[in-house]
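Both complexes below contain chain A, partnered by chain B and then by chain C.
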Partner chain A sequence: MAQALPTTAPGRLTTALERIPAPVWVIAFLLLLMPAFANNFVLYQIFGWSFILGMIALSLMVLAGYGGMVSLAQMTVAALAGYVVAILGTSGVPQISLGWPWWIHIPLAILIATLFGTLVGALAVRTEGIYTIMITLAIAAAFFYFTRQNYVIFNGYTGFNNVIPPALFGVEWRQPVPFYYLTLGCATLSYLAVVWMARTPFGLALQGVRDNPRRMGALGFHVTAHRIFAYTFASVIAAVGGILLVWQSAQVVPGTAGIPQVIDILVVAVVGGLRRPIGPFIGALIYAVLSVFSSDILHAFGMSGERFKLVIGLGFLAFVLFSPDGVLGLWEKYKARRAASPDPLLGGGR
Partner chain B sequence: MVALTRPATIGADRSAAERLGSVTTGNALELRGVTKLFGALAAISDVTMSVRPGERRAVLGSNGAGKTTLFNCVTGDFLPTSGTIRLFGEDISNFPAHERIRRGLRRTYQISLLFGGMSVADNVYLACLGVSRGRFSLLRPRPSDPIIGRADELIEAVHLTRVRDTLVSSLSYGQQRQLEIALALAGAPRFILFDEPAAGLSPTERAELIDILTGLPDHIGYIIIEHDMDVALRVAESVTMMHNGRVFKEGTPEEIENDEEVQQLYLGGGHG
Partner chain C sequence: MGTLQNFSTRHPIWTVIILVLVVGLAWLVFAPWPPGLEQVLGRKRIFLNAILSGITLGALYFLVASGFTLVFGLMRNVNLAHGSLYLLGGYIGFGVVESTGYWLLAFPVVFVVVGVLGLLLQHQVFRRMEGEELRQTLVTIGLSIVLADLMLWYWGGQSYQVYSPDWLSGPMELPIISSLRSNGDPVYLTYPRVRLAILFAAIVIGLAMWYALNRSRLGMLIRAGVDDRDILAASGVHIQYVFLAVFGFGAGMAGIAGIVGGTFQSLSPGEDTRFLLASLVVVIVGGMGSIPGAAIGALIIGLAEQIGLVYAPTYSVVFTFLIMAVVLAFRPQGLLGAQR
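Showing the complex of A and B:
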């Protein structure tokens, strides 16, 4: 775990920037310059989608990685935010959509989804382990069937189409390049917020609750309240991700938060790694690439392209079996093995 | 384990302890007919006990006598099946653990329940944070944060400054016991429950533990569970003997040491 308590006072910003490793700067510049060498499809369908999925999976990482709570309702929170944007804003269903301006419907969407996520947390934190998974899965399933059957508010099976972002500052945000930067900006802010949170009093206490709830109670912490607040924090990230997701596909339907999609978020988070905030984004990129290209590969082998989920499922199984810490775990194992192996020229560990 | 010194933080927080004390009166801890059943098994049965403010009490008894269950009922880890528990006059029988801690109650654990994946500084910081405001803060602590200052004082008081940034899982057993005591002393403790603090320590470390316990400020009372009679009878001014979940005998250390029934039952007849 990262050291939480500072020992030196001055120049903390400079020190923090100096601590960022060179590869991170390289990746940051590559991401910023990506539109210069990637086509619109890659920007929009691969990276844009990866950032969005990564944000929703990041909200699960906050709960599971820092709080020890695996929630399957994060996609549901995201979808609810999308629904609220469609209902309160504009969509292709004017009979239901209220057409409120963006500065009302977007904050309200985040607020309502966050309140819902907090309520889910209030119910779920009274259980542990498999029971938390089951109760959040039950909530996700209930939400899916409710939206599918409710036509007055959620427009039932057809949901809402033509849900697009507002044209702020004269920019068409659904165009590939602006949308890429919009999702990159939101993903970066979410990532930094989680990194920041982990070293705050709340974040430190949350990790204490994960490691030893009994001891945390004996230190004066309200364990249940900390867990619920973790759901609140995670729900804000999931809600923003949900709004972007709806804008990307321009629609929100019950299937946006169907059971397969709910499970996909878990797959993304586990494949990337639940121990660090960057993990979900790595998992999301792998998922997006596989989803988009595996059908072509399967066709090449004479199999149906619809079986790409089989590839993802096998990959998930392999990670769970061989690297429970996901891709990041594999990378850390590689680094540890490399450090332990003798230097070919000098001998001894590197 | 190096020598423990009286933590400056405890003295500094005395005013806070007195503020807490000003709103309540009576015994520091008062148990009336406390019973804890696990199914048909009575772990403790009809335990009645009063401890004055600042009093140091040893609770002795063989394994299975109900000592740790008694602690768990007092701290809120278990809710008693029946009976009342009062802390400085306030009925805390149904309070959750964290509410009891905020009223000045602290405890150490028989088996160290520390946060192995965190540093010493983080552990003590958490202990200080638990009884402070800002537990939900999303602002990172600054170096001038008073909670960090208090945590560092406690770390220094238990002579762990050298390993301040070391992961707790890397500490020696003796250092972990020192850290346990530092956690119990965080904030404004008014009453502490020590659960076998000397277990696993060397004779030298035990002598040092006695120094820290006898050196605690007068306003802090405690109950100590300890199998080492040399430690228990030297740091306590009164003793409660438990047997089969019940209070068996109470008295001064001398009275207990010289009691024939106690010697037969617990000391094997050959002690002293």
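Showing the complex of A and C:
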């Protein structure tokens, strides 16, 4: 006992590291070494974009998977964060942009977007299930139309262009390799934050609220507060994703959070799988690859390259109809089938 | 009438407030305005036009939202492809009017075609996932993406206008004084005849729906289903037939609304989400599953949108949204929604 005590802390760390399965190490190394063998287009347009999309979809996954609340307003929260960065920071519209330094406008953008997301949550949790979808969709649409009509703050139809990240530490963050690592870092952090959150007492209570709100209420948990805080937590992730998204495309316009884009986030999250935090990133990667190469793929099947939305819609329908848990669900089904299939030598189940 | 008396005895203050508002509105509409008021609100003609456009827009919203709210109330299915059915109905109606030249013919054709599409959807897709509300909603989202792209493929990105027949075109004089000439003669308000026809038709359809819901056997089944679907099924009713009827009817109504919308506005990609959103807000404000609620919600949203457009163009969308937020905050089930 006396000998065991001093080694507890490092021992826990090594066992925690040992518990990480081998495929995770492989994927982590692949992602870290990606710039060595992928070209700039793949790094910036496919991986950068899918990390960002994945983060915004992850915020939806937190709400839907752990909270049982499908909110379509997460893209709106992200876009608002982007707008705040453009308004308070620098952009190609100097009449409106205030040009504040990065250490003010980035935290403020996250803060404002989080407050907005919390407010949306406070409204949305007054309803349940499908009502939540309707209300958040209506809020998202209202935001879209409002930004399109408001020229004083949001610069209306044209929005803001030339919104670029500050050159921190002398790095040009919009160069493909730095941007790749920036998005990879943010995505990893938010992924770990979600994994950690799900194991905290709050996360466990949230999942309890999802499964049986009445029982959790009877146990003394404040059901509404848990739900609203889930929105707050998810909005932070969405806000960071939104800022990155604006930096990636260097612009923020009303169409950044238009209805199709809002729906796309849902598509990404559902196709990837809403059960686990890795799902949205898988969905985002599929979505990004499909949208970048859609015209080539469609031409290969002898169709015109414009029918990208049709492919996405049909794919989404196929997943919802046949595998509601997304790609992850397919994978788990495959594993379950393999485990159930008889061993060729011994016979019977493994 | 019984419900009205109930309302006035239970909420005397609200009754008085509503009465005062109605009388004030009637005075604003019918009396010639004193100059002081014109300075505040602008010309009376503009105000009246805003009110009338609001009511006609509300009529259109009602046509779209009534099917939506019925489907929702009965099947707990938020049909987010409702806007696509609206747009599809409009396009098909445009095709029928172009090829035959009969405006009225478009209505039964579109009702049947879009209604049958609705029947197919309910029978082939939604019936397979009954009780899985979230999944049904996701399916309708997928359907709306696919339908929107198919329609864009076939009809292209340009906007279409359904032409109204000759007997409905041109303006019409209303017995409402818009202003006084210098010699004291009243000038009466003129308004497009086709819009009044649409308003009239919407009122007739609304009353017919109310009558069918409250007096017919099918209506009785539907109301019972809205209240408690399981008990209705347990008492020996083939509830799948009721579902089919309601879904087909709701889809057909959306299609018809598409022709109406195409006649007094226009049809283009993107209108589907616009009207889906309008139905959502109308149904949230009015109360899910309630036809009178849809009528009141549609009227409020239509008026708010048009009056907002005249007096505060930048923020007209915000009015709509604010109304929704206020209703949600104080009466989450909607103005006429039942407490569940």
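We take it that the second predicted complex is superposed on the first by the 336 of 350 C-alpha atoms of A that agree within 3 Å, B and C clash if a C-alpha of one lies under 4 Å from a C-alpha of the other, contacts with A are read in each partner's own complex, and residues count from 1 in each chain.
Assume contacts are C-beta pairs under 8 Å (C-beta built on N, C-alpha and C of every residue); 3 or more make two chains touch, one makes a residue touch a chain.
Bear in mind that the values here come from a model prediction, so they are computed numbers and not experimental data.
S.K.: With both complexes overlaid on chain A, does A:F202 touch chain B (first), chain C (second), both or neither?
M.R.: A:F202 sits against chain B, while chain C stays out of touch.
S.K.: Going by the contact rule set out at the top, does A:Q149 touch chain B (first), chain C (second), both, or neither?
M.R.: Only chain C; A:Q149 stays clear of chain B.
S.K.: Look at A:A138 in the shared chain and tell me whether it touches chain B only, chain C only, both, or neither; answer first, second, both or neither.
M.R.: In the superposition, A:A138 touches chain C alone.
S.K.: Once the structures are superposed on A, label A:I228 by its partner contacts, choosing first (chain B), second (chain C), both or neither.
M.R.: In the superposition, A:I228 contacts neither chain B nor chain C.
S.K.: Between chain B (first) and chain C (second), which does A:A81 come into contact with in this model arrangement: first, second, both, or neither?
M.R.: Neither partner.
S.K.: Per the contact definition in the header, classify A:M216: touching chain B only (first), chain C only (second), both, or neither.
M.R.: Only chain B is touched by A:M216; chain C is not.
S.K.: In the overlaid three-chain picture, which partner chain does A:C186 touch, first (chain B) or second (chain C), both, or neither?
M.R.: neither
S.K.: Which part of chain A faces chain B closely enough to touch in the complex?
M.R.: For chain A paired with chain B, touching residues are 1, 3-9, 196-197, 199-205, 207-208, 211-212, 214-223, 225-226, 229.
S.K.: For a test of understanding, state which residues of chain B touch chain A in their complex under the given definition.
M.R.: So the residues of chain B in touch with chain A come to 75-77, 96-98, 101-102, 106-107, 109, 113-119, 121-122, 125-127, 129-131, 134-144, 148, 151, 165, 183, 186-187.
S.K.: Which bits of chain A are touching chain C when the two form their complex?
M.R.: 70, 123, 126-127, 129-131, 133-135, 137-139, 141-142, 145-146, 149-152, 259-260, 263, 266-267, 270, 306-307, 309-310, 312-314, 316-317, 320-321, 324
S.K.: In the complex formed with chain A, which residues of chain C make contact?
M.R.: Residue positions touching the partner: 76, 78, 80, 125, 133-135, 137-139, 141-143, 145-146, 148-150, 152-153, 273, 277, 280-281, 283-284, 288, 313-318, 320-321, 324-325, 328-329, 332.
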